[in-house]
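Here come two complexes built around chain A, the first alongside chain B, the second alongside chain C.
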Partner chain A sequence: MAIPPGVSNRDWQTALQQFVQAVGESGVFTSDEDIGLYRDAYSPLWEEPEERLASAAIAPTTTEQVSEVVRVANRFRIPIFPIATGRNLGYGGSAPNLSGSVVVDLKRMNRVIEVDDRRHFAIVEPGVSYFDLYRHIQDRGLKVWIDCPDPGWGSPLGNALDHGVGYTFGAYRDHFHSHCGLEAVLPNGDVIRTGMGALPGAKTWAEYRYGFGPTVDGLFAQGNVGIVTKMGFHLLPAPEAYQTSVVTVPRRNDIVPLIGLVNELEHAGLIGQPGYGSPLAARRADLEELLKRPGGPPAEDLDRFAQEQKLGSWTCRLQFYGAPAVIAAHIAYAKDRFTRDIPGATFEDGELLRFPLTQEQLDSVRKVAVGIPNLAAFGGRRGSDGHLWFAPVIPKTGEAVLEAQRVFMDVFARRGGPALISPFSMPATWMYRAFVFLMGFPISRSDVTVNQRTRETMREIIKVAAEHGWGEYRAAPAFQDDVMAAYSYNNSALLRLHETIKDAIDPNGIMAAGRSGIWPRHLRGRRA
Partner chain B sequence: MPSRREFLQAGLAASVVSVVMPIREAAGASPRSAAAPPGRHPLHCVVCDMRSPWSTDFAREAERLGIKVVRTNGDITDFWFHDLSLRWKEAPVAIGGLTAPGALFCLERLGWDHGLRVVFRGTHRLVDTSRAEHAMSGPSSTIAAAQRRGLGGAEWACHVARLVSSCAVERETSSAPLRGVLAGSEAVEHDRLISEEDALTSWVIAPKRA
Partner chain C sequence: MAIPPGVSNRDWQTALQQFVQAVGESGVFTSDEDIGLYRDAYSPLWEEPEERLASAAIAPTTTEQVSEVVRVANRFRIPIFPIATGRNLGYGGSAPNLSGSVVVDLKRMNRVIEVDDRRHFAIVEPGVSYFDLYRHIQDRGLKVWIDCPDPGWGSPLGNALDHGVGYTFGAYRDHFHSHCGLEAVLPNGDVIRTGMGALPGAKTWAEYRYGFGPTVDGLFAQGNVGIVTKMGFHLLPAPEAYQTSVVTVPRRNDIVPLIGLVNELEHAGLIGQPGYGSPLAARRADLEELLKRPGGPPAEDLDRFAQEQKLGSWTCRLQFYGAPAVIAAHIAYAKDRFTRDIPGATFEDGELLRFPLTQEQLDSVRKVAVGIPNLAAFGGRRGSDGHLWFAPVIPKTGEAVLEAQRVFMDVFARRGGPALISPFSMPATWMYRAFVFLMGFPISRSDVTVNQRTRETMREIIKVAAEHGWGEYRAAPAFQDDVMAAYSYNNSALLRLHETIKDAIDPNGIMAAGRSGIWPRHLRGRRA
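Coming up: the complex of A and B.
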């Protein structure tokens, strides 16, 4: 059993006893086997000395227990690291930033406190998974939808606290944005409620997020000033129907008006999450010669190929939600706009799906698009040791996409090895007002050189992105210092403010040390 | 110190009570469940991946042995949501399977939260139309049985079904690489080859021993 850094063996033993007093024997885990379960399954440092490992885990069941655990940790200056369901794969899993931290595993706090389908909100504890919340809603026939990420086994609260994202409509996809009010335990054990929740007996905690005075909720997301124990979320009223229409545009440069128009439809609330693609991506083998050209393939040549092959250059899947008549009107309007602005645009409408869906419809629909949690993302044939997400935020324009393709392809060309980006790569569209040019770098459990290479490329690509004004929205612990370093405006004034806040709220530096590159004072020199 | 299983079970008792739903017909579950002889993990069911002919062989053999089979297309969501998550809230029952690695990856992690662990694990690939390669780790007597019997012949997936269904409850573990030759008339079609990347995995997830 490892001992947390900077803690004497005597203090550690006493603290363990006090943790047991706080949560009971059944809530404290110290065996190697149990601790091993908190390793990051996709760690880019797997089996290397720097791999981030926990020293113990504690599983409280109530806010009071969390508060007591934190008080004990603060007394003995034991670093702690909270997780909700701990499935943050590709961004750190359930492992802490600082090796030797005690993981505070909140899976046992799994109560759905409230779901209201007239005012459209939910309040949940950290251990409630998307599956749990969905089941709660289905079992009671409530007329609300949740917005889930690809894997449904995560926690709405945990996902939101890492600025996680989903697949349905507008701001609901930005899970932290759709939160409303939270309860948190501060490093001194004090329990606070934000927004209207600060008012005893508040009736609108999960509806009006600001309450009165400055808002502090943002400090708890990707932050390290407290453990969130409850969180409210706005929910989408269950729509009557859903339909997709895929628009295909013929020319490479049509990407600019395509994205412009889709933005307009989306920001006006007419469509849900758009999904971009290129039919040419599947024809890369036929385009090999063109793709090798220095500076990339000329647009005219790609257009000629696309025309000969009767393929479009780009597609966008538009998703419409609402009453059938409203959907029909929105589709008609969208088609009219695309046809007018982009000559040659064509459309393929999906089936109009009315809820509840038949089993056959359920089997064929993209589940996350209709708020159904699932694990299909892990249903491929291929095994892999995992991946590390690189997630730079870029503007929502065609020009930015083409520039990002060029810039990132250059990085891969310079470094050699397989490129994760091609002239047909399109960004992820989870965010409402920006794109994420997502890439999954390979991880290996058996070949350290793969991980070393991935780490080098990550470090370089983070810098290159920053030089172009793109920063990552999220990153695995091994790269959080690098990402934070890129947010350096005015001599890293933001980081300095974070550190000031950290020192004030958590003077002993016990809470999630190093999260987002924010280290407590006593560890600031040694950064991970 | 208590086990993670105990702590999570305690926590689950406080979780939202849900209606038990039957496994969907489409998931192809057969109604029977195997009663295992003493010293063997009784399996609630085995999971197979209908995209693989080998896994289909495995399923057929498991069914013949009287074990409930859950047929998937690689995605375990329906099985998890409508069956296993409810079952594991009641008790940590053992399950087995021959699937793509992703299904095991999910089920293993979901099992941890209910005090279960992977107690038997095999990987299987077909390097060419007449040669299979297997690697297994698990209870020593189960591995020894695999070594005695071998996994040769085009029936290897059926042998794996028998190994999985008779996986021993045993603390001592060992591992072994095994080669299987598919002789002459048994040589398989190209579409039955399994590359390294597509390797199938056999497994048993069972309650952790105290």
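Coming up: the complex of A and C.
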């Protein structure tokens, strides 16, 4: 068993006893076997000396226990690292930024406190998974939907705190933005409630988010000033039906009006999440010569190929929610607009699905699109033991997509090896108002050179992105200092403010040291 | 000319010279005549010794000047109070919380930095008014709408920072929630940019709000840790048309399904802001006997009267936006739902208005509903010299409305004098997920007893609301300590956190001392 850094063996033993007093024997884990479960399964430092490892784990069941655990940690200056369900794979999983931290594992705090389907909100604890919340709603026949990310085993609360994203309507896909009110334990053990929750007996905790005065909620997301123990969310009233329509546009340069028009439909609330693609992506082998041209393949040559092959250049899957007649009006309007704006646009409508779905429909529907948590994301091919996400945010325009393709292809060309980006790559569309040009770099548990290469590529591509005005919205602990370093406006004034706040709220620096590149004063040298 | 509290005359004279160096002679105001313009026109303490008054005002034109002004203030520990356009009437106007503060008036920072109608955002400075931004958009024929509050002379940035609200779609009505990225000058003069703006050359400052790591934006809204000098906003793509339909329901208890169904339509994005009313409100004289009944008028008696008079009990104005065919589908769906859920519901459709409007349509349309700033709110009758807003947040249910009517009517009955609430009063619906039971208490410039009475009522009604779990979302400086005191969960843990953050970021306590009940350490005794 490792001892947390900067803690004497004697203090550690005393602290462990006090942790046991706080949560019981069954809530304190110190064996190598137990601690091994908190390793990041996709660590880019797997089995290397720098791998970020926990020293112990503690699993409280109540806010009072969390408060007591934090008080003990603060007393002995023991670094702690809270996780909700710890399923943040590709972004660090359940492992801490600082090796030797004690993981505070909140999975046993798994109460759904309230779901209201007349006012459309939920209040949950950190250990509640998307599966749990979905089941709670279904069991009671409540008329609300959740918005879930790819794997349904994650925590709505934890996902929101990591600025996680989902698959239905823009206003609900941004999970932190749709949160409303939270309860948190501060590094001194004090318990706060934000928004209306700060008013004893509050009636609108999960409805009105600000309460009175400034809001501190943002400090807790990707932050390290407390442990969030409850969170409210606004929910979508359950729609009556769902239908997709895929629009295909013929020419490469149609990407500009395509994205412009989809933006308009989406920001006006007519469609849910759009999903872009290119039918040419599957034909890269036939285009090898063209793709090798310096400066990229000429648009007219790609257009000629697409025309000969009767393929479109780009597609967008539009998603419609609501009553059947409302969906029909939205689809008709969208088609009318595309037809007017982009000559040659064609459409393929999906089946109109009315809820509740039949078993057959349930088996074939894209579950995340209709708010059903699942683990389908893990069902695909596996080319590696895991992946590390690179997630740069780029503008929501065709021009920006084409530029990002070129810039990132250049990086791969310069570094050699397989390119993750082609002239047909399209960004992820989870965010309401921006794209993420997501890439998953390979991780190996057996070949350290794979991980070394991934780390080098990651460091380089973060810098290249920053030179173009693109920053990452999320990153694994091993790269959080690098990503934060790119947010350097005015001599890193924002990071310096984060550090000022960190030092004030957590003077002993016990809470999630290093998260998002924010280190407590005594460890700040690490950043450089 | 007053001297700021705690500042020596010598330091004050030196500081004034340095302010002049920072912004020029024409940007520093010290005459009684000039300073008088910064009085709160609706002050509940008008001409009383406690009236909150500025000592001077400074009007910088650039962020660099703001930074220099703040550095001077910090050097001499001069309390400063930033305002955008200072139009926050009924909530304090342009006067500071702490008498003797120097107002930093940002009205000369009035650049519209960017408006994009393909990605639907704007970036503005504090002195830009809703009128300015609207004109900028119209002059360029940009296809975006703004969401404005009642008087159009206010500042989008200032309104958002005060948690201000508007009149179109839920996602846009909450002005702080639809902001995206800001620039601020900290109390030490340092300039930060938040979200993607922290990345030099950022391409998505007004599109993706979090950047990387925690977000501090919430600290600046109703807060006092800096002066916001730029802010981005998400905008609504300009709709093709607009139509209203007023639904009327017959029975008093229909308020419960009425609000439930409107919630569903609104949270699903089918309608913009709903507007509730009661046709019986105008018939109070005829109902005098019934209204005097202890415990309130029986629902069946009110229903009988309504039926005899062929009046409905409640109405809701539904607002639809989009292409004409989309609006038609939404209206048809809404009518179908109301007809099924509430027997006897009737509808009255407004004219379908296509944009751009004709002059005649423009003259008759409710301008705020279609994003057109105006000053119509000041055109009505005037029973007093001003008003003070009491703004308690209550749940979005019929039960809560009926309860709030009873509770607040009791307060007025107990205190005597005219009641502002009747069994037909409905709450304001600006917020997306909660109601505000707004009341305007009278203010007088000539009769101090009117103001004394208003202050007494205000203090009492804040307490009564808190006992029922209702807190205010906004208040004038004279009542901010009272309102914040109601948010007292766990020995006012949230306020104590605000104070910790305040002391860390503004150790000299120069910035907007007392705003939202948050005082710097050296003035904290004031709160008690």
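One rule holds for everything that comes next: the second predicted complex is superposed on the first by the 522 of 528 C-alpha atoms of A that agree within 3 Å, B and C clash if a C-alpha of one lies under 4 Å from a C-alpha of the other, contacts with A are read in each partner's own complex, and residues count from 1 in each chain.
In this text, contacts are C-beta pairs under 8 Å (C-beta built on N, C-alpha and C of every residue); 3 or more make two chains touch, one makes a residue touch a chain.
A quick note: this is a predicted structure, and the numbers were derived from the prediction, not measured.
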- request: Classify the contacts of A:135 with the two partner chains as first (chain B alone), second (chain C alone), both, or neither.
  value: first
Task: Specify the partner with more touching residues on chain A, choosing between chain B and chain C.
output: C
Message: Looking at A:61, would you say it contacts chain B, chain C, both, or neither? Reply first, second, both or neither.
response: first
First (chain B), second (chain C), both or neither touched by A:364: neither
Query: For A:190, is the partner it touches chain B (first), chain C (second), both, or none of the two (neither)?
result: second
Task: For A:21, select first, second, both or neither according to whether it touches chain B, chain C, the two together, or no partner.
output: neither
Query: Which holds for A:37: it touches chain B only (first), chain C only (second), both, or neither?
result: first
Message: Residues of chain A that sit at the chain B interface in one complex and at the chain C interface in the other, please.
response: none
- line: Listed in rising order, the residues of chain A that touch chain B in the complex are 25-31, 34, 37, 41, 57, 59, 61, 87, 107-112, 127, 131-132, 135-136, 139, 152-153, 359, 363, 367, 373-376, 378-384
- line: chain B residues touching chain A in their complex are 1-4, 6-8, 10-12, 14-16, 18-19, 24, 26, 51, 72-77, 80-81, 85, 100-103, 105-106, 109-110, 112-113, 197-199, 201
Task: Going by the contact rule at the top, pick out the chain C residues touching chain A in the complex.
output: 118-121, 143, 163, 169, 171, 176-177, 180, 186, 190-194, 196-204, 207-225, 234, 236-237, 239, 260, 263-264, 267-270, 321-323, 325-326, 328-330, 332-333, 393-397, 400, 431-434, 466-475, 480, 483-484, 486-490, 493-498, 500-501, 503-505, 516-518
